């Protein structure tokens, strides 16, 4: 980019522009037109700009600057390098699409005023950008917590509903505790030099034990934000609570900032990695992936389902991170690069797919006012745009070629497959099992998506009200369309994208760049002999065969076709109630993975007039981990409260005892 | 790509597409013999397809475009799958574009569209079938993937033709890992192709059917394409099996056109035997309850992973 | 006690009496008597101060003696007596800990404070250093008394005797504090007394008694 | 000159308001004098910035970087609080909770209280420091009992007795200090209690005596700081007094008490050449934090809640001073500033909220944003700020303290983590439904004075993002002054 200003300054200016747009919202806080017609599109423009600048900077040397802000002696440092570029372009592009969608999405009288909402929204975007640019602990933490705060306010937009308030509280609490963890990790990293710049941290060489402490704290903190099991409990609460564009942002982009943090701390700030860290991350990742997907399969609320699927994808991403650390720690740098690329690619993919799906649910929600899968169905007839665009997302997230979800899965599996020569045998034994779990999760994701899509959009309407549902407006279609296009592009030309991503591997792992085959259409991680994937050709062939088939059939037999009632096998009264419900669709999973769920069934009695069958599925970890914690705190509080029992002579005794004790201690 | 490669590619696709129904017919014939029934002709499936293609199509009222597109997608995927499985020659240009993992992905795509189409009309059976199909799928797919992994590790590549070559170039020896995976593969094949003991292609008993339940609403050309795709799927699976476990005799650049010509009868023989064995297995085993299906497939998955571990342990 | 000059002997006697007084205050349950004891304590304090003043010829000590006389021997006791009469609180109820136990604790406290004073008085240059331990003992004993009391009135009396202990300590360790401080402290004590007076009436009109168990409602545990 | 004005104007105000405090313009006069004081403080600050630390009034008064910014802070918060109390007290009077007489008492005592605090801050004489502290207690006791409710009387009584006893210990401590000093500086009694002189010779002071003295001083002034387990008066006094008083008590008085402790710590540490005082401070700090966090968990009364949060933050500050070193001291000073600003802002907002819903109980206050967004957001932002959410200044200091602790005292960090987590959960879970959700509040005759709230929050916000150089200079000088390991 040959701008008069450096790329870094350009990014900064765009972030500032976001802030300005947000503040502008306060000018006319009650005007929905102003926010929707003017501000959100402007925000989208900024997003596109950011994406372009950041992507353009990839592969160029890092730039850094110092801002005249911050504490005395520790001003804000900012830096633009390959890693932050990748995530910035992710943020920019995805948020642009979401802003376009939001321009038509928000309606009047939904809790917070439009102007305020606009402020929170753009503050959220700007703070995420700042997180990615920050180059010292203080500015990072400030941006990080601002991000949490603004998203909290966005989540509690409809604050009159108690559940939503509860969700927001849980979210902010876990986010804050996580942030404290990150903060302590920085405390370790700065290693005695009271310089909190990342440069100083890179320079500081920690003892292995301290390095491990720092890593674990960072993993805890960022894992809490990413929704890594067992710190995931806020996620299925907060995502459904938030307005859909916000859910899309949180799931699509915010979770990725956590991944960014882990990568930054592990590969950039911590000089050398120990391979067992990788196993920790790998284990947690696989656990989250599996846990997330099986819970997604049994959900009945569409946004909750997507939230759980986000947990699954975060799990897969962390699996990739763990794999990278293992390889790096074992000195297998090319493999580390491969899995790092896979990780980044999956971050990109998930950002697009999941945002697309969340936006789809948003449109459905507005059209029908219904989040419960049990009351939806057959929407493909009423809202074809949303249906077909969502289909793209669903297929992509199920990891089907030639869409983008498959690419990252493919890369990750390649990394697993050729892990053969890690110097620790039992790790060698473990990794295939990991691969198996990943494969299982992807297959289950397919299951989940069939349920999600089929129940919402296909079949017959489960409620009469759905007959009047309206398709999404223009701007909403545009937003979703952009994301769907992104999914397709990421799926079809992975080689190009990866050549861009390779700059990160080059920067973090010091591998020589340009190891990615010669053909522009072919993806060949190691040697084309070993493994290669050319989605474009595959897609072309697929289209060709399908067209030929259609043409052939038309050519040979042109016959009429007529419509009639579906076959009811002689039982006349076949109605919408008889198709499979969401619960029914989840039944096999509940059946197979029973030990993981906390289920309470309500079975009808044989002589019931109106028999009801209800099953509610709960999270075991909640009752195993969190409730005891809360109870412990409560018990302690009650214990402590005994100190304060109102009698003045007791208080005097405290003082007296303290005095005597201290005196005795001194003497 | 060389003309030979092009020829191989074309030959493979065409032969697979055209011969698939016959293989199905052969299997049915063997089953009939084994059950002491008068056997239908090997060409019976072709007659069926022809008849269906001549009929008027009947669609349910609320069938959406997706319902009508699905047959073409499924059929197309199966054909593409056929194009990357080295049944006769290993010099397949397409195989650089799609390796084993992609193959599994293609099969998954077909399955997903089939299930979505089944849910589209919104009858009880359709969605029931879709659910069961996905239930079978989410265990069968990773199992198949693991099976491919073993082979891939043995020949350190994921591209199917290269795997086939690599395995065929090995000296004839005992590969315990392959033994495990072979069993796993047979189980997966049975499950994925709706054969006994998981499903019964020749029944329409509501409580047990899976594949047929999804096709209930299809008629005429759509049904024809679906049936054809099913036959093709079976054929593909058979060929995968050959490529992994009986890789010998596939022609390649070295052997030239002659090798290719030799490969054709060889494949035919393999198919005949395989069909007979399949029929035998089906006749000897009894249909499982649907709830037992996961255990069946879990066994397959387990065996495949075991094969992988055994390979890593023994290096063979 | 061989070569001790008369004044020092007198001073030590004062100190011993002070200690005795604070013990008796620990035991005493009749508020009027408590106040009298307080006044007596004040008087002893004055005496001690005068002795020291005479001995060292420090002018400001005379002044502080005068202050003490005015405030602690005359002023406060009178005020307290009037209050007692106005709101007839002649008796304190049973103390929190029973007297004999309190005595024992008090004994330990005395031992402790003597031990505490040891290193200090070892350093002290003043002739009166040996009495520092007693000063500390008086302070801690009146602390103890405050703990054990249940009536606002007697608690205040104990508080004042603690002030006396402080003065005695200051006097015996360093011949008193600088004048400005002495004045300030005296002022504070005076104000405190006035505030207390107001307080008593407020408490009275609220609870029509000075029992402290009315003042045990603000607490955390239910 | 400025100093005289600084001390005289509140005293004059006290006298004047003692006569006219009940008049219609009473609140305005009050604000006027506070403003005057603030101007004086600013002038003084200017001088210190220009000329560095200076001794005044025959060495009786000392103004150095450490106390001058506290002086300014005190004057400033005094001013904003008086502005806040204008409408607040009017409304209270109209609800018939206050008679004119008590209004008069309130106003004059308010000024007196300011005067005593300023005296305590500016004096160089440790004895006078004690006198001023005691006077501060006395002047606020009657303010705590202003409403004459049984609860307020009880609170006042506890406040009086506990602080009185505590402060008595402090006097003995001062005496011991004097005793030790006299042996070095000679019997010239006048100078022996002047901090500057003591500081000069602290190396030669007798360690054993000073350690004893420090114990007495710590227990004494610590009672006023509200360090657990000496804190028991604090929540009662804060909850039962009128809100402006709660604001200045926890915003200013606690600071002054900490100031006293730190002054003494400097001397004692200088003579002991051991970390004993630091360890004591850290211990008290941690204990207060942890206990306060758990007390927070089960509060029902909003003012009590924030009183305990004050204890928690005093714990943090004490802990930081205990750790010592330039960074920690700097952090502690910063924390003192932002805490007093934030906490008083919160109390302003809480005061209006309580008036709006006619109750101090948390479950009676609901959905403030819907009825008066400004108060609601003020409370929400204030609470988030006090919970250490960036970009507010509290976060800045907590950031420094936590990272320093991670380096110097790793063993303490789990406790810190626990405390902050529990405190966050406790406070936020209570504030959120007060601000959001369906409302119970009502309209009020007088428009609330929201300027103070948002001015304070703005300052805190700025301090979180940008500390102006001269302010930073102050902090650094002060931190160096305090020193430590």
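Letters A, B, C and D name the chains as they come in the text, with residue numbers starting at 1 for each one.
Criterion: a contact is a pair of C-beta atoms (placed from the backbone, for glycine too) under 8 Å apart; a residue touches a chain by one contact, two chains touch by 3 or more.
Not measured: the values here are computed from a predicted model.
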Discussion item. Per the definition of touch at the top, where is the C-beta contact count highest among chain pairs?
Written reply: A-B
Worksheet item: What is the chain whose Cα centroid lies farthest from the Cα centroid of chain A?
Response: C
Worksheet item: So what's the Cα centroid distance for chain A and chain C, whole Å?
Response: 70
Practice prompt. Please compute the C-alpha centroid of chain B, do the same for chain C, then give the distance between them in whole Å.
Written response: 101
Worksheet item: If you average the CA atoms of chain A and of chain D, how many Å lie between those two points?
Response: 44
Fill in: Distance between chain centroids, defined by C-alpha means - chain C, chain D (Å)
31
Worksheet item: Using the touch rule from the top of the page, what residues of chain D touch 2 or more other chains?
Response: 157-158, 161, 165, 212, 235, 295, 298
Item to complete: Would you pick out the residues of chain B that each touch at least 2 other chains?
Response: none
Worksheet, complete the sentence: Each of the following residues of chain C touches two or more other chains, namely 116, 119, 143, 146, 155, 215-218, 220
Worksheet item: Which of the chains are touching one another, listed as pairs?
Response: A-B, A-C, A-D, C-D
Worksheet item: How about chain C: which of its residues touch chain A in the complex?
Response: 96, 112, 115-116, 119, 140, 143-144, 146-150, 155, 212, 215-221
Worksheet entry | Of all residues in chain D, those that touch chain C in their complex | 125, 127-128, 130-131, 134-135, 138, 141-142, 145, 148, 150-151, 153-158, 160-161, 164-165, 168, 171-172, 174-176, 178-179, 182-183, 189-190, 192-193, 206, 208-209, 212, 235-236, 239-240, 295, 298
Worksheet entry | Residue ranges of chain A touching chain C (in the complex, touch as defined) | 638, 640-649, 652-653, 656, 659-660, 663-664, 667
Practice prompt. Could you pull out which chain C residues touch chain D in their complex?
Written response: 116, 119-120, 123-125, 136, 139, 143, 146, 152, 155, 159, 162-163, 166, 169-170, 173-174, 177-181, 184-185, 187-188, 191-192, 195-196, 198-199, 202-203, 206-207, 214-218, 220
Worksheet, complete the sentence: Touching chain A in the complex, chain B uses residues 53-64, 66, 72-73, 75-77, 79-80, 83, 94, 96-99, 101-102, 105-106, 108-109, 111-112, 115-116, 119-128, 130-132, 134-135, 137-139, 141-142, 145-146, 149, 152-153, 156-159, 162, 206, 216-217, 220-221, 225, 291, 294, 301, 304-305, 308-309, 312-313
